[in-house]
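Below you'll find the structure, written out as C-alpha cells, and then a few comments.
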Amino acid sequence: MTQASRPSSRGAVPGILKGLATTAKTLVRPTHTAEYPDVPPHLPPRSRGVIALLEENCTSCMLCARECPDWCIYIDSHKETIPAAAPGGRERQRNVLDRFAIDFSLCMYCGICIEVCPFDALHWSPEFEYSELDIRDLLHEKGRLGQWMPTVPPPPALDERSADPAEIAATTRPARGASKLVTGERATAGARAERARPTRSVGDDSPSGAAGATPGEAAAAEAQARPTPPPEGEDQK
Amino acid sequence: MTALDVAFAAAGVVASASGLLAVTTRHVVHAALWLVVCLGSVAGCYLVLGAEFVALVQLLVYVGAVVVLVLFALMLTRAPIGPNPDISTSPLHRVLAAFLAAGVTTLVAAALLPLAGPARRRAGTATGDLASALFGTWVWPFEILSVLLLLALVAALAVSRMADRQGPDAAQTLAESAGDPVGKPLAEMAGRPTAQSAGELPAQPAGERA
Amino acid sequence: MSQPIEVTLRALAVLVAFLVLPLLVGQTEHKVMAHMQGRLGPMYAGGFHGWAQLVADGVKFVQKEDITPAAADRWVFRVAPAVALVPYLVALAAIPLSPHLVAAAAPGSAVFVLAVTAVGILGTLMAGWASANKYSLLGAMRAAAQLLSYELPMVLAVASVCLAAGSLSLTGIAGAWSPWWLLWQLPGAVVFLVSAVAELQRPPFDMPVADSEIVFGAYTEYTGLRFAFFLLSEYAGIVVMSLLFAVLYLGGWHGAFSDVLGWLWTLLKGFAVAVLVIWLRVAWPRLREDQLQRLAWLVLVPLALGQLALTGLWVVTTA
C-alpha cells in the first residue's frame, strides 16, 4: 500500500488497481460486525463490567471508599455490641454495614477498590448491561451490587504443581513453632488479625473517643510501620 | 388549430415572456436563469417545428453549457442575492433601445408576415438532411466559424499562460506588448523585480513608438 | 402514443422505475460498501437485511422541517431540487430496455439523454448560489467547473459510438452493437465511464460535495424533502448513466434469449455498471481540484478525440 501510493516509484495505475483488489477481497471475506443486541459479545471472563459486592465479607473498613479516585463509593455503618458468648465473657463490638453504594456514573472502572479490599468483598463481574435512562439510577445500592455476585466468575485455577493458596496453606500446614506452645502461637496470630481490622476503622471514625486506650506491646511493634500510632480499638482493652 | 400549434404558441409565449423578464429584472442571476427558460422554450419551438436535432443541440449547448458558463462567471465575480441597483439604464438608452426593438420587430414582421398563410403540414427535418446541408452547402461558413472559435480558444489560452509563466523573458514580452498601465502589474506578477521594470518600462514603449 | 391512456401508462411506468431503481442502487451501495469495509450495513429496517432502510430514510426526510434560510433567494432555493431531479426523470424515459420496451422512443435519443442530463447541473448551481452560504457557493462553482470539463469528453465518447453505429438513437446503437465493440470502443468506454462518474459527482470526483472541505457543497443549507430530492437525483443519475453505459457499450439487450429476456439483460448490465460505480467510491480517495481538471483536459479529451478519429477512420474505410 505504501509503495503503491508513491506515484514516482510505481505509478498511479498499480495503486488504484490495488485499491480495487483490496476492497474486492474484503467484500468476500466475513465481516467484523458484532451484532450486539442479537448476538451477545464474546468478552474475556474477567473483563471489567460491573463491581459486585459480597456483603458478608465487608467490614466497613472504608479502604475502598478512601482509595477511590472518584469518591464514588458511599459507605454508612454503625457499631453493634455482640453479647458475650459464654457467661462471664467479654462483649464484643462489630461494624454493621448500613449502606454500600457505588455511583457508576462517576466510576472510572479503575478497579482500585477491588484491589485494596482486604476481605474480598468486592469483585469484578463481566456483566455490562446496566445502562439507565436517568443518570441517578446509576447509583447502585448494596442490594443491587449484591445481585451481581452470582455473575462473578470463579477465580482462575492455579497452575499445576503450584503452591497451595494462602488460605488453604494456613489451615493445613502446621504452625512454624509447633514444638513450642502451639495454641498460644495460634491465639496471638488470631489476635493480631482481629486487631488489624478495627484499628483503622475506629481511627477513622472516632479518633478522640479512643484516646484512653492503652497501647499493648504488639500495637507498639506495629506502630513503627505507621506515621502516627493509631489508638487501639475498644475490643482490645 | 392543432395540438402542435397550441404547443408552439405556448412555447413562444413562454420564450417571449422569459426573455422580457431576463432583460428587465434587477437580479443578475435571475436574469441568467430567465435566459435559461427562454432558451429552453426556444428549443421547445424547434421541437414543435420538427427540428428535433436542432432543439437538442440548443439544449445541450446553450442551456447545458453556455448559460452554465455565464452563471459560473457571475458567481466568480459578484452576484449578490437581491436586486442590484447598479443595473440600470438611463432614459436615453431606454428610448434608443425601444426604437431599435421596434425597428427589428418591423423588419422581421415585414419579412415573415407575407409568408404566413394557411397551415401547411411540414415533414420533420431528418438529422441526415441537416448533416448534408451543414457539411455540403454550408460547409465553408461552418468551417470558418470553427476556425474563428479555435483562434479565440488558443488566444485565450496564450493570454492566461503568459501571465503565469515565470522568468524575465515572459515579463519582458508582457511589458513590451502591453505598453500601458496594465503591463506593469502583470510584469510584477510574473516575478520581475519592481525597480527594474519601473526603470525600463517607460523606455521600451517610447522606443517602440519611435 | 396517440391514445392518452397509453401515454399515461408509459409515464407512470417511468415514474415507478424512477422511484424504485435509485432505491435499489442506494440499497446496493449500503450493502456493498459495508461489506467492502468489513461491515454488515443496515440490518434492521424491514426485517430482512435492512431492505427497507431507504424507505425509512425517506419517511424520516418527509418528517423533517423544511427550512429556507432567511438570507436565501427564496424561489431559486426552493425550485433548485426540482431542477436537479426532473432531468434524470426525463432522461430515464428515453433509455430503451429492449428494442420494443422504451417509454419514449425518439430518433435522437442519445443526444436527448445527454442534453437533458446537462440541464441537471443548473439545479446544483441554483442551489449553491441561492443558499447565501459560502460553502454552498464554493460547492456550486466546483460543480460547474467539473461538469463543464467532463461534459466535453462524454459527448465526444458518445459521438464515437453514434458514428460507429450510424445512428443517433439508443435503440439503433444497441441494435448495431457487436461484441467486437468491447475492444474497439474500449477507450471511449473508459472515457465515458470516468466522465459519467465525474458528472454524477461521485467519489473519486466528489469535490463539489467534499464533506471534509466544504461541508456538503451546494446542498449544505438543504433539509428534509428538498435534501432528499438532491440525494434521489444523485442515485437516479447513477441509474441513468449505468443504463446508458450498458446500452451504448455493453450491447444492452444482447445476450441469451434476448427476444424474451432482453430487458433483463439491459437491467443486469446496468446494475453491474452501478456496482462498479459504487466499487470505485469505496476503493479510491478523492482527487484534488487541479488533478480533476488535468485529468479531464489532458487525458480524457485527447483520448476521446483519438477514439473519435479511430472510429471515423474505421467507418470510412469499411463503408
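Here the chain labels run A, B and C in written order, and each chain numbers its own residues starting at 1.
Here, a contact is a pair of C-beta atoms (placed from the backbone, for glycine too) under 8 Å apart; a residue touches a chain by one contact, two chains touch by 3 or more.
Fair warning: this is a prediction, and the values are worked out from it, not measured in the lab.
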Q. What graph shape do the protein chains here make by touch: line, ring, star, complete or other?
A. line
**Q.** Remotest chain, chain C as reference, centres from CA atoms
**A.** A
Q | Chain closest to the middle, measuring from C-alpha centroids that were averaged per chain | A | C
Q: Using mean C-alpha positions as chain centres, tell me how far chain A is from chain C in Å, no decimals.
A: 62
Q | Where chain B and chain C are represented by their mean Cα positions, the distance between them in whole Å | A | 29
Q | Whole-Å gap between the CA centroids of chain A and chain B | A | 82
Q.
Going by the contact rule set out above, which residues of chain B touch chain C in the complex?
A. 27, 29-30, 33, 36, 40, 52-53, 56-57, 59-60, 63-65, 67-69, 71-72, 75-76, 79, 81-82, 126-127
Q. Across the complex, what residues on chain C touch chain B?
A. 71-73, 76, 106-108, 111-112, 114-116, 118-119, 121-122, 125-126, 128-130, 132, 137, 140-141, 144-145, 147-148, 151, 155, 168
Q) Hey, which residues of chain C end up touching chain A in the complex? A) 32, 34-40, 43, 279-280, 282-284
(Q) Can you tell me which positions in chain A touch chain C when the two form their complex? (A) 16, 19-20, 22-24, 26-27, 29, 31-33, 35
